[in-house]
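Think of it as A, B, C and D in the order they're written, each chain with its own count starting at 1.
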């Protein structure tokens, strides 16, 4: 009797193990196949539309034909504005948090809290704010500047938090060493701490770029819809994600162009991430071997 | 300039920058308040949950159907994505040997990087027509949830993966020494030990799902109604803002800012819960 | 210090990249998605005619045209209906006429609907195509989001209230409505005749439905026999001057008539 | 409680007991005792918890002073007070006075960076910056206003020669400092401190992270600094303290806070301790 009971429980355990294994495998198959489907679909529908002309021509008949050159330029300009504002601001705040604020200090606490709140605000709300503040209140109108500044507000928490944690991982030995030599915090930052944290800073920056580039909701009501070549930062410019949205939703027969634009966007994102990890690796290597 | 003077100047700059960064939040809150105040003052907060419906041209602004739609799509998306995400993390941690696990990891990272508008495009051209064949109009609560699930799956998978990776390996070795099977280790040790982190990941994913706009707007039909079935079209709070902000004026516009405030409040509450349960924000 | 320079550089960048052309060389036009494609074409020709000008056209609905013209966010608003009594503070300039017509998928066998049937479909009393002589299958009612002038015109014509309508899909732009109907054989929607005809000629699988026995066509809008017609207006907050006046004059002139016809609208002149 | 190297006769000590000090050992002191730093009633605490209580001692110019005692008795804390590195530690409170050549280093007019140029420090773990060997040395110089190319090169070479590293690295000055061996890194750190031409060098167990061979090299190096620099060294290696130090201060944990038990000439502290605790510790019975 006894041996039978043992056998039974062993059998039950084997059954449970099998089931779990099967469920996990099934889940992985579902995920990978959906992902494969999604990716293949985008490549399949988008690839034949992409060519030199697509990247360099202006869109014609609402984007069904022609290319996306003005859209790419607008996207780059919006990103440039966003980063030109948020990167220095973010780095400075991160330095303040990691190097000058004492853990548990009041200023650090409040800044940290407001950052966490900011990180949780949905992007559409940034769009509302950007429209009310930059477009209307500051009178910038629907412009690349408004869109870029709105995105700057949006990616600020990401930049600050990644830069802060990057700086915090720099060994304290160097801070003490620099201080003991009578080196100012400013020089220590410029010469030692920031270079040492560079991989993390770059990674954070790329994360921010990726987030900003994929953003649609915050841009529709700030940088606008105009798909023409922007001539200044005060012109409206259509970001690539807004272009995809417009083609998908508003343009009958625009799906092919939408897929092609989506493919371009994904390729750009992968390129940026690849460049980021390559850059991070390179700075890391250079730091250890030379310089 | 002496080093000390240099530091004093640096600190002034840094404080200025940090002040500016924090001011952004205050500015956002102030503007949301200022823009939404007229309609709150005129109708009172109760109006937004008790009015006859959402008919901006008739002056009734009931947010309940939109709140319900947001909650329903997000809840369904979480229900779909949580088991899948956790399973993916378990797979790459316990089942996959080396390269396969890393491959899955990269697939998930890549999935995390796909812009929501691209998911919306795919949803509208692939998922919606499929649902349309079953029950028109295709753009529905179900479509929205499926796309959202795809979007938040990486968040859950990556937070779970990080939590599993942070388990001391002695746990596993000790359990294996007791003769426990891999599955017993997963069910009895790994999952219970990382419960809090997984929960935090789910909360963060919910916050993302609630805040997502474009993908949901593109696939869920945008009819203001309390959904009765999975195939009913719904309009979420975020979609409502995106859809009507383009042309809304006066009280209508102000009521959209009220939706924005409501949305922010809900999302922040979720993020706070996530933080309390010890979650780390995974920016993915 | 570097951070300071960086910040400064950012500010300098922001301020120096002012528009290349001076402020009076630029016009911002926002509003009705019906007028937007026409206005964009007119803007292109106007720019060619007077170099150094730049005209940005953004769609978003007639209400936004009114709002932006009032707030000064736009120099000119586009409004695809007559001004209401509380909007008389604005100056309106009609540039064309347009009708609103119901559209179905090209494969839908239904070829005409009575006013009553349309009302019943939009209020949810009729939910299957079989009830109106079509192939059995659920009707997908596509409605416009509230605040859109096309919706207001539609409601006004059928004496409905926004809250009476039971829709399955709510859309914003005309284009979105056309795309939704083109992608769903069981759908019914209503859009600008001009836009719909433009799309149908371009090969989009939709068809326009006549109303009260009158075919939905540009011709019938022109001769006034189509019941659901409206003016397409440009509005300004004050008496237009300078570039604004030049552009509005241009849009109303015979020079722009062919553009109006190309977009399947009805020019006001001969 | 005040104990100085000069005191003789009855000395009040801990536990309420008094100890009699024996006669001075014969033989001249290792250096001319001229006070450079006077620590006067120094107490220090972290976040309200005392770590060092009421310490007073003199540090003599040109001599090597060793701080010994068990872990956690406040030796390193005392060391960090001398160049105000304690400023960087959150929640650290310092009371009492530290006079450097008669001026209080905590007074408000003191430029901390200039102070730290005068008082160099070597850490337990070698911490060269992740830069080239040359830039490790040039960066502090430039920071203190020395920018002439020839002067930079000359001072870099001199300091590297001083620490005996010149011949080993002269062909790869632009190579990464982190690619040097542990002992070389520690000597580079000493060169980095010396390049600023400080008067005082603080060393926090400079040999404890090194292998015995490198340790011996560094120890020999410290010997050569005698007379030119005032050296304060924390060490757990009693043999090392005995070999190189002119003066020694013995600390002990009392009521959870470090206290100075005995300060004297090194040989006397080791051979004729006045305090039982010292006697026991140097004999290796306790601690």
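In the analysis below, contacts are C-beta pairs under 8 Å (C-beta built on N, C-alpha and C of every residue); 3 or more make two chains touch, one makes a residue touch a chain.
This is a predicted model, so every value here is computed, not measured.
*Asks:* When the mean CA coordinate of each chain is compared with the mean CA coordinate of the whole protein, which chain is closest?
*Replies:* Going by the distance between chain centres and the overall C-alpha centre, it is A.
*Asks:* In whole angstrom, what separates the CA-based centres of chain A and chain C?
*Replies:* That pair's centroid distance is 35 Å.
*Asks:* Between chain C and chain D, what is the separation of their C-alpha centroids in Å?
*Replies:* The computed centroid separation for chain C versus chain D comes out at 82 Å.
*Asks:* Could you work out how far the Cα centre of chain B sits from that of chain C, in whole Å?
*Replies:* The answer is 34 Å.
*Asks:* Averaging over Cα atoms per chain, report the distance between chain A and chain D in Å.
*Replies:* Spacing between the chain centres: roughly 49 Å.
*Asks:* Out of chain A, which residues touch more than one other chain, so two or more?
*Replies:* Expected reply: 88-89, 92, 182-184, 186-187, 249.
*Asks:* Mind pulling the residue numbers of chain C that touch at least two other chains?
*Replies:* Within chain C, the residues that touch at least two other chains are 1, 3, 7, 59, 172.
*Asks:* Which positions in chain B are in touch with at least two other chains?
*Replies:* 3-4, 6, 9-10, 13-14, 17, 246
*Asks:* Drawing the touching chains as a network, do you get a line, a ring, a star, a complete graph or other?
*Replies:* Drawn as a graph, the chains match no named shape, so other.
*Asks:* Between which chains does touch occur?
*Replies:* A-B, A-C, A-D, B-C, B-D
*Asks:* Considering only the defined contacts, which chain B positions touch chain A in the complex?
*Replies:* Of all residues in chain B, those touching chain A are 3-4, 6-7, 9-11, 13-18, 20-22, 24-28, 31-32, 34-35, 83-84, 87-88, 90-91, 95, 104, 107-108, 110-111, 113-122, 124-126, 150, 153, 181-184, 186-187, 207, 210-214, 218, 238, 241-242, 245-246, 256-257, 260, 263-264, 267-268, 270-271, 275, 281, 283.
*Asks:* Note which residues of chain D are touching chain B in the complex, please.
*Replies:* Checking each residue of chain D against chain B gives 111-114, 143-144.
*Asks:* Which bits of chain C are touching chain B when the two form their complex?
*Replies:* Touching chain B: residues 1, 3-4, 7, 31, 59-67, 137-138, 140, 143, 145-148, 152, 161-163, 167-172, 183-184, 186-187 of chain C.
*Asks:* If we count contacts the way the header does, which residues on chain A are in touch with chain B in the complex?
*Replies:* For this pair, the touching residues of chain A are 13, 16-17, 20-21, 23-28, 30-32, 34-35, 37-38, 41-42, 45, 88-90, 92-93, 95-97, 100, 107, 110-111, 114-129, 131-133, 137, 153, 156, 158, 160-162, 182-187, 189, 207, 210-211, 213-217, 220-221, 241-242, 244-245, 248-249, 255, 258-259, 262, 265-266, 269-270, 273.
*Asks:* In the complex, go through chain B and note every residue touching chain C.
*Replies:* So the residues of chain B in touch with chain C come to 6, 9-10, 13-14, 17, 52-58, 60, 129, 132, 135-139, 221-224, 233, 235, 243-244, 246-250, 252-253.
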